[in-house]
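I have a structure I would like to understand better, so I am pasting it below and will then ask my questions one at a time.
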Amino acid sequence: MARNSKHKSKKHHYALPLPGSSPGIVFIDENSLPPKISLHTYNADTYKVQELTNLKGLAQHTADKNLNYWVEIKGFSSAAMFETLSEDWNINKLILEDITRTYQRPKYEEYGAYDFAISRMLYLDEENSLENEQVSFILTKNILFTFQDKYEDCLEPVRHRLSIGKGNIRVGGSSYLMYALMDMIIDAYFAVLSAWSEQLDAIEDRLFDRPDKTIMYDTQLIKRNLITLRRVAWPERDKMNDILRTDSPLVDSQSKMYLRDAYDHCIQIIDMVESLKEISASNIDMYLSIISNRMNEIMKVLTIISSIFIPLTFIAGIYGMNFSREDPITGKILPQNMPELYQEHGYEYTMLVMGLIAVAQVIYFWRKGWFK
Amino acid sequence: MARNSKHKSKKHHYALPLPGSSPGIVFIDENSLPPKISLHTYNADTYKVQELTNLKGLAQHTADKNLNYWVEIKGFSSAAMFETLSEDWNINKLILEDITRTYQRPKYEEYGAYDFAISRMLYLDEENSLENEQVSFILTKNILFTFQDKYEDCLEPVRHRLSIGKGNIRVGGSSYLMYALMDMIIDAYFAVLSAWSEQLDAIEDRLFDRPDKTIMYDTQLIKRNLITLRRVAWPERDKMNDILRTDSPLVDSQSKMYLRDAYDHCIQIIDMVESLKEISASNIDMYLSIISNRMNEIMKVLTIISSIFIPLTFIAGIYGMNFSREDPITGKILPQNMPELYQEHGYEYTMLVMGLIAVAQVIYFWRKGWFK
Amino acid sequence: MARNSKHKSKKHHYALPLPGSSPGIVFIDENSLPPKISLHTYNADTYKVQELTNLKGLAQHTADKNLNYWVEIKGFSSAAMFETLSEDWNINKLILEDITRTYQRPKYEEYGAYDFAISRMLYLDEENSLENEQVSFILTKNILFTFQDKYEDCLEPVRHRLSIGKGNIRVGGSSYLMYALMDMIIDAYFAVLSAWSEQLDAIEDRLFDRPDKTIMYDTQLIKRNLITLRRVAWPERDKMNDILRTDSPLVDSQSKMYLRDAYDHCIQIIDMVESLKEISASNIDMYLSIISNRMNEIMKVLTIISSIFIPLTFIAGIYGMNFSREDPITGKILPQNMPELYQEHGYEYTMLVMGLIAVAQVIYFWRKGWFK
Amino acid sequence: MARNSKHKSKKHHYALPLPGSSPGIVFIDENSLPPKISLHTYNADTYKVQELTNLKGLAQHTADKNLNYWVEIKGFSSAAMFETLSEDWNINKLILEDITRTYQRPKYEEYGAYDFAISRMLYLDEENSLENEQVSFILTKNILFTFQDKYEDCLEPVRHRLSIGKGNIRVGGSSYLMYALMDMIIDAYFAVLSAWSEQLDAIEDRLFDRPDKTIMYDTQLIKRNLITLRRVAWPERDKMNDILRTDSPLVDSQSKMYLRDAYDHCIQIIDMVESLKEISASNIDMYLSIISNRMNEIMKVLTIISSIFIPLTFIAGIYGMNFSREDPITGKILPQNMPELYQEHGYEYTMLVMGLIAVAQVIYFWRKGWFK
Amino acid sequence: MARNSKHKSKKHHYALPLPGSSPGIVFIDENSLPPKISLHTYNADTYKVQELTNLKGLAQHTADKNLNYWVEIKGFSSAAMFETLSEDWNINKLILEDITRTYQRPKYEEYGAYDFAISRMLYLDEENSLENEQVSFILTKNILFTFQDKYEDCLEPVRHRLSIGKGNIRVGGSSYLMYALMDMIIDAYFAVLSAWSEQLDAIEDRLFDRPDKTIMYDTQLIKRNLITLRRVAWPERDKMNDILRTDSPLVDSQSKMYLRDAYDHCIQIIDMVESLKEISASNIDMYLSIISNRMNEIMKVLTIISSIFIPLTFIAGIYGMNFSREDPITGKILPQNMPELYQEHGYEYTMLVMGLIAVAQVIYFWRKGWFK
C-alpha cells in the first residue's frame, strides 16, 4: 500500500438532492455513464444473454412465463430509459429517483406488482480504497431488474454460476437470483473486513516493533472505513429482516430460507465490525501510552545527564573564578581567596569529590529504577 | 470563513416560558416582527397570491371548496391576529402558545378539525453560522396555515414550484403542500451537513499538512452544531413517523407515500450526523496525538543538544579551573595541580576526547531512533 | 458568583431510611419545621385562604362539593398531623413515609379514593447553588393536598394566579391545580438550565480569552448539577406519562391535554440537559488540549533558548580552558596548546563562528515553525 | 481508614462450578461452616425461637397451620441437611445447588409448592471493605426458609422487630417476612452508598486542597466497588419486578404493596450508583487535569530559570575566554583580542547588559502570564 | 506465562466464504483432519462406544428406539461423510455448510425432523492462549450428532459421566445430553474468566508495586480476549433463550428446566465479562495516571537540580570573567574592573551568597511540596 494512498481517506461527496426539485424526479448527473443493458434469459435448461440498446419492446422479449429474465442495467445517462420504465412498466417515480440518487440506505419496499430493494456494494479497488456503490433491485414474478451506476462490480461470480447453471440459481426463480446477488454483495463485505483485520494485525505488530506516527493515521483510516461499513451493515440487516418477514408473493419460501442464512451473515458482519472497532480503539490507546512512555524515556535521559553534570560544572565554575591571592595593583596579599587552588592535592581532591557526586547520583537514579 | 465568525458559536438564548404565566398564553416578544400574511389560492389550473393585512374575513376568502389555500404568516407582533385564529378558527390556545414560543421540538398532533405540526428549519446564513427557526403548520381540509417568526427562510423553491405548477404540488391537496414544505426543510439539512462534511475534510487536510490549534476550535464548533442538528433530527424523524401512522383524514395516502420518502431522508440525516460526529471525534483524537508527538519532537531536540554539550562544557569547565602549579605567595611548586594543562598535546588530546564523547552520543541517539 | 460558592458543590446527605425501622413509619427529623397549613377555598367566583393550626376538623371545612380546596402543608414536625391524615383521611402509611422521607423520585400512584404524586422542585437560591426539594400531592375529587418540608418554594406565581382567578385555574378542578403546580415546577427547571447555559457560554468565552484552572472546576460543577437535574427529569417525564395514561377518574381530560404540554416540556428539559452535558464535555476537551498546547509552548521556549546558548557556552568554555603555552615550572614552550588564543583575529573569528551557529539554529527552528 | 486497607480491593475468587460435575449437585466447600439452625415460631400473639441441630423432624415442629415459621439456616457444611431438604421437603436439586454455590445473581422462581428467591447482602465490615454474601429464600404457605453461608449478617433488626412484634411483621405471613428481610438487605445498600458518597466528597475536598496520587487509587477503588454493587442492584430490581408481577398464591397482595416500595428503593439505588459513578469519573478527570496543570507549573519554573540564566552564563563564558593580548612566546601584541576586558568600565557595562537581558526576559514571561 | 506468548494475541484468520461459491456447499479446508466417529449407545442400564470409519449403515446401528445414541464426529476431511448425512439423513445443505465453516455464531434452529444448534467452545490451551472452536449439534428423537473440526476439546467430563452413568445423563434423553454438553462448554467459560480475573488481579498488584509498560500490553491482551468472549456469550445467551422458548417436541421439559440453569450461567458470564472489562479499563486509566505522575517526578528532579545550580553556575561564571585591572599592553590601571576579586573576603562572601541562594530555593521547592 503506497503511503499517499494510505493517508487520505476517499471522500465521498454525495450528489445531494437539489433543494426544491420536485420529488420523484429522475436525477441524471453529468458524469452518468451511457447505459449498458444485458438481458439474461434462463430456465433450468437454457441460458442466453442479449445486449439491448434500450428498454423499448422489453415486454415482448420477456413475455414467456416459463422463462426467467434478469434485466441488468448499468449506467444512467439515458433519461428516456427511465421514462420507459415509468410508462411501460409502471414503476413509481419515487423509486426511479431512489435508483438514480445513489446514496440511499439499503431497504426493501413492496409495491404490489413488484418489490423494490436496495443493496450497497462495498469492495476494495486496486488501490485498496473502499468503493461504495448502490445496486437497486426491482423484482417481479419472473423478471429481476438490477441497476448500477458504474460498470465495475463484484457480481461476476453470480453471472458465471448463472451461465453454467450450478446449484439452484437457474431453478430458484427471480427471488432466488435476487438473494444470490445480495448474498454475493454481503460476502464481499467479509473480504473487506478480512483485509482490514490483517492490516490491523500488521499495525499491532508495528506497535510492538517500531511504533511511529503513521500508526495513528493508518488506524484512524481503518476506523473511519469501519464507520462507513457499519452505516451500511445495519440497514442491510434490517432489510434482510424485512424481506424475511414479508408476505409478498414475489419472495418464495425457499429463497427466504437462504435469505435467513444471508441475514445471519449480516449479523456476523456487524459483530466483526464492532470487534475491529474495539481493536482499533485498543491500538490507539496502546499507541498513546507508548508515546507517553517514550516521553518519559526522553525526559529521563535529559534529567540524568543534566542532574549529573550541572552540579559538577558548577564546581568547576567555582574553581574557575579569578579571585586573586594578590591585588596586582596594590600588591596586597589576600590569602583567604580560594586557598584550595594552591593546595598540593587541591586538584586531585576536587576531581575525587566530583567523581563521588556523580557516583552518588548514578546510584540514586539506579535505585529509582530509571535505568531500566 | 472569517476567523472571528469561526471561533464563536452562535448562542441561542431561548425565550423561556415566563414562570407562572398561565399556559395557553400567546407570547409576543418585544422583538417580534409585524406580520406579513400571504394568501396563496390555487388548484390544478389557477394560482394567485394576495397580501393580507390581517386575518379578519379570511373565512370569506377561503370559502371555495374547489380551491386550495395556503395562508402564510410571518411575524408575530400582532396579538389581534392570534385572537382571530382562536375565535374565528377555533384554534386551541396551547397551539398558539407553541407557535409563538419558537423553541418547540418537531411534533405532530391531531385536534379533529385540524392537525398541528412543527418543523425546525436549519440553514447556514451568509456568515456560515447556523440559523435555527421554527415553522408551524395548521392543516385543515383545503387550507394550510404556516407560521414563521422571521421573514427569511429556505422555502422559496416550493413557492416557485407552486407558482409554475410543476409536479404534484397544485393537485396533491393541502397535505401534499405540507409535505413539500417539510421535505424542503429536510433537504436543507443535507446542504448544511454537506457544508460541514467539506469543512471536516478541509480540517483533516490541515491535520496532515499544518496542524495548529485552530483545528481544535473549528472541530469543536462543528461538533457542537452537529449536536444541535441531531437534537432536531431525532424528533423530526419521530414526527414523520407519527404522520405516517396517523389515521387523520386530513393526510391522504399519496402524501403519506411521499412522506415515507421524507422519513427515509430523516434517517439518512441521522446516519450522516452520527458519522460526522465520529469523524470529528477521530480528528480530535488525531490532533491530540499530533500534539503529543510534537512534544516528543521538541523534547528530543532539547535532550540531544543538552546531552551532548552539557558533559563537554563540564570538561571545558574542568580545564578552566585555576588550580595553580605555583603558589604566587609562597612560590611553592604544586606539580600535582592540573598537569594536563602543561602537556605538549594536552589541548589536542582534550579536544579529541570531547569529539569522541560527542560522536558516541550521536551514535547512541541515532541507534535509539531519535533522529527519525 | 463568589469564588468560594463556586468551587464547592452543595452536598446532599440524604436522610437514609433507618435500617430496620418498620416500613410505613412517618419520619420526623429533628430539624423538621413546625407545620404551616393554608386552606385555599375557591371556585370560579370566590377565593379565600385560611391558616389552620392542625388538620383536625378539616373534613367540615371542606365539605361543600361545589367548592374546590387546596390544603397546603409546609413543615413536618407534627407527628399528630400525619396521624390525623392516616386516621381521618385514610391515607396509606407508606405514602406518609414517602412524604416525610424527602428524597423520593418523582412518581404517580393510584390508590382508588385518591391519587398520590411526587414532584421534585429544583431552583437556584440566592447564592446560586441548587435547591432540590420534594413536593408531594394527594389528589381527591375536589381537594388537593400538597406537602413540602421547607417554607420557601417557587410556587408563588400559581398562588397569585389562583387569587386573581386568571385563566382556567379556578375552574379546572383539583387535577388542573395539580397540573398548574407541576408545570410551575418544570418551568423552574428551564430557568435553572438557562442560568447554567449562560455560565457555560461564559466559561467558553474564558476558554478563548484567558483559560485558567478554574475553568475545569466550574465546568465540573455544572456537569455535576446537570447529573442531579437529569436524575430528576427522567422520572419526572415517566410520571407525566403515567398520569397521561391513567384511567383514574380524578384526572379529567382537559387537565390531561395540559399535562401533555408539560410532558413535552419534560422532554425538552431532557434534551437541553443532554446538550449541555455534551457542551460541558466539549469545554473540558478543549481545556485539556489548551493545557497540552501551552505545555508545547513552554517547552519550545526552553528548547530554543537552551539549544542556542548551550553550544555557544561550550565554545566559550573551550577558550576559557587554561592549557598553557609555557610550563611555568620548567619554562618549556608548548606551542600546540590553544594556538587560537594567540591569533591576531582569534577572538573576532570565534565570535563570528558563534554568531553563525546561533543564526543557523534560529533558521532551523523558524523553519520547523516553532516561532509561530 | 488505614492506608493498607484502602489501596487493595477485596478480591473475590468465586467457587467456580467444577467443570463436568453433574448439575444439581450440592456443593460443600471445605471451608463451609457447621450449620446453625434457628426455628422462629410466631403469630400475632406468640413468638419463640428454638435452636435445632438438624432438619430431621422439622415437619412435626412446623405442623400447626395457625402459626408461622421461619427456619433460619446458616452454614452449609452438612450434606445430610441438604439431603433432608431434598427428601422430606421435596426441594429441587438445582435449587440446592444454587443455595450452596453462593455467587448467584438475585432471582425469583416459582416451583408450585414453594417459591425460591435469592438476594445478595452487601455491607461494609469493620475494616470498611465490602462484604458480598448470598441469602436464599424458600417460601411456602406458612414457612420461610433462609440460607446463608456465614454467621454474620445485617438482618438483626428484623429479628428484633419479630421478637417484639412491632408493625405488620408477625401478622403479615411468610411473604411479608420475606419482604421485610429483602427490604432490610436493600436498606443496607443505602448505608453502603452513603458511606461511599461521603468518601467521594472527602476525595473531592482533597482534590482542591492537596491532590496527591492516593486520590486516583481511592477513587478507582470506590468505582470498582460501585461496579460490584451495580451488578447486584440491576438483577435485584428485576427480581423485585418478577415478584410484583407473579401470580404465585404464596405472595399476598399486601406484601406486594410493600414490595412495590422496595422496588422503588432498588431504582433509587441504581440512580445513586450511576450518579456516584459519574462523580467518580468526574473526580478522575479533575485529577488528571490537575496533574497536567502541575506539569505546566513545573516546566514554567524550569523554563523561566533556564531562559534567564543560560544566556547570561554564556556572556560570562565569553569574557572568561583566554584570548590573549600578547603572545607569551613571541611577545606579539594582539590588540583585537577581547579589547572589552581592558576598557575602564567594561565590567560594569557587562553587568548592566546582563541585568537588562534578565529584566527583559522577566517582562516577557510576565506578559505571557507565566507568573500567575 | 512466557513473555513471547503474552505479548501477541492469537490471530484468527477466518476461513471466509469463497465469494461466489453456491450457498449450501460443504467447505473442506485442506487442513481438515480425517474424521474420527464415535457411536455412543446407551440407556439407563447399558453403555458402549464404537469407533466407526464412516456413516454408511449408521441407520442400522441406531435403529433401536429404546436406546439413545450419540454420534460424535471430529474432523471434516471426508466429503463423502457429509454426502451421507445429506442423503441418508436428509440434513439440509445449509446446515452442512454451517457445520464446516467453523466461524458461526451460536444459534438454534428447528427443521421439523431435527433441531440444529451451534455452541462455541472457548478454553485456554497449555500456552494460555485462547482456543475458540465450534461444536455443532443435530438433535433427533433419540440420536444426537455432534461435530467438531479438531480432536481436542473440553468435553471429556461429560463422556466420563456418560460412561459411569452418574446423574440424569443416561436417562434424560438426547436433549438432556445436548444440555449436558452445552453446560460443560459454558462452564469452561467460567474457568477462562477465572484465569483472566486472576491475571487482572496480578496486574493490579504490579500497578501498585512496580508499574512498567508490560502492564499496558497484558491488560490490552486480556481486554481483547474479553471482546472475543463477549462476542460468543451474547449469542450463546440468545440461543439458550431460543431453546427455552421453543415448542420443538425434541426438547423435553426436564431438559428445559436444566437449560434455564445454563441460561442463568450465560447471564452470569456476561456480567463477569462486563465487570472484567471495566476493571481492565480502570487498570489502564490507573496506569496512564501513573505514567503522568512519574513524568511529574522526573521533571521535578530536573527542575530542582537545574534551578538550584544554573544560577549558581552563572555567578561562578561572572567571577571567572577575565576583566583586567591593568591593560597588559598599555599598563593602564582599571580599578572598576571586578574589584570583588581583590577584596580580602571576596571569595568567602561569594560562597556565602551562593549558599544562601541555594537554601532559599530549597525552601521554595519544599514549600511547594515538590519533595514529597
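We just call them A, B, C, D and E in the order they show up, numbering each chain from 1.
Heads up, the rule we're going with is that a contact is a pair of C-beta atoms (placed from the backbone, for glycine too) under 8 Å apart; a residue touches a chain by one contact, two chains touch by 3 or more.
Just so you know, these numbers come straight off a predicted model, no measurement behind them.
The chains touching chain C as well as chain D do not exist; no chain touches both.
Averaging C-alpha coordinates per chain places the centre of chain A 25 Å away from that of chain B. Per-chain CA centroids place chain C at a distance of 40 Å from chain E. Under the contact definition stated at the top, the residues of chain D that touch 2 or more other chains are 292, 295, 299, 302, 306, 310, 313, 317, 320-322, 338. Taken as a graph of touching chains, this assembly forms a single closed ring in which every chain touches exactly two others. Starting at chain B and stepping first to chain C, the touching chains follow one another round the ring as B, C, D, E, A. Listed in rising order, the residues of chain D touching chain E in the complex are 7-9, 11, 13-14, 16-17, 19-25, 94, 103-105, 107, 210, 212-213, 216-217, 220, 223-224, 227-228, 231, 284, 287-288, 291-292, 294-295, 298-299, 301-302, 305-306, 309-310, 312-313, 316-317, 319-322, 325-326, 333, 335, 338, 340-348, 350-351. Residues 154, 156-158, 160-161, 166-169, 180, 183-184, 187-188, 190-191, 194, 197-198, 201, 204, 208, 257-258, 261, 264-265, 267-268, 271, 274-275, 278-279, 282, 285-286, 289-290, 292-293, 295-296, 299-300, 302-303, 306-307, 310-311, 313-314, 317-318, 320-324, 327-330, 332, 334, 336-338, 369-370, 372 of chain B are the ones that touch chain A when the two sit in their complex.
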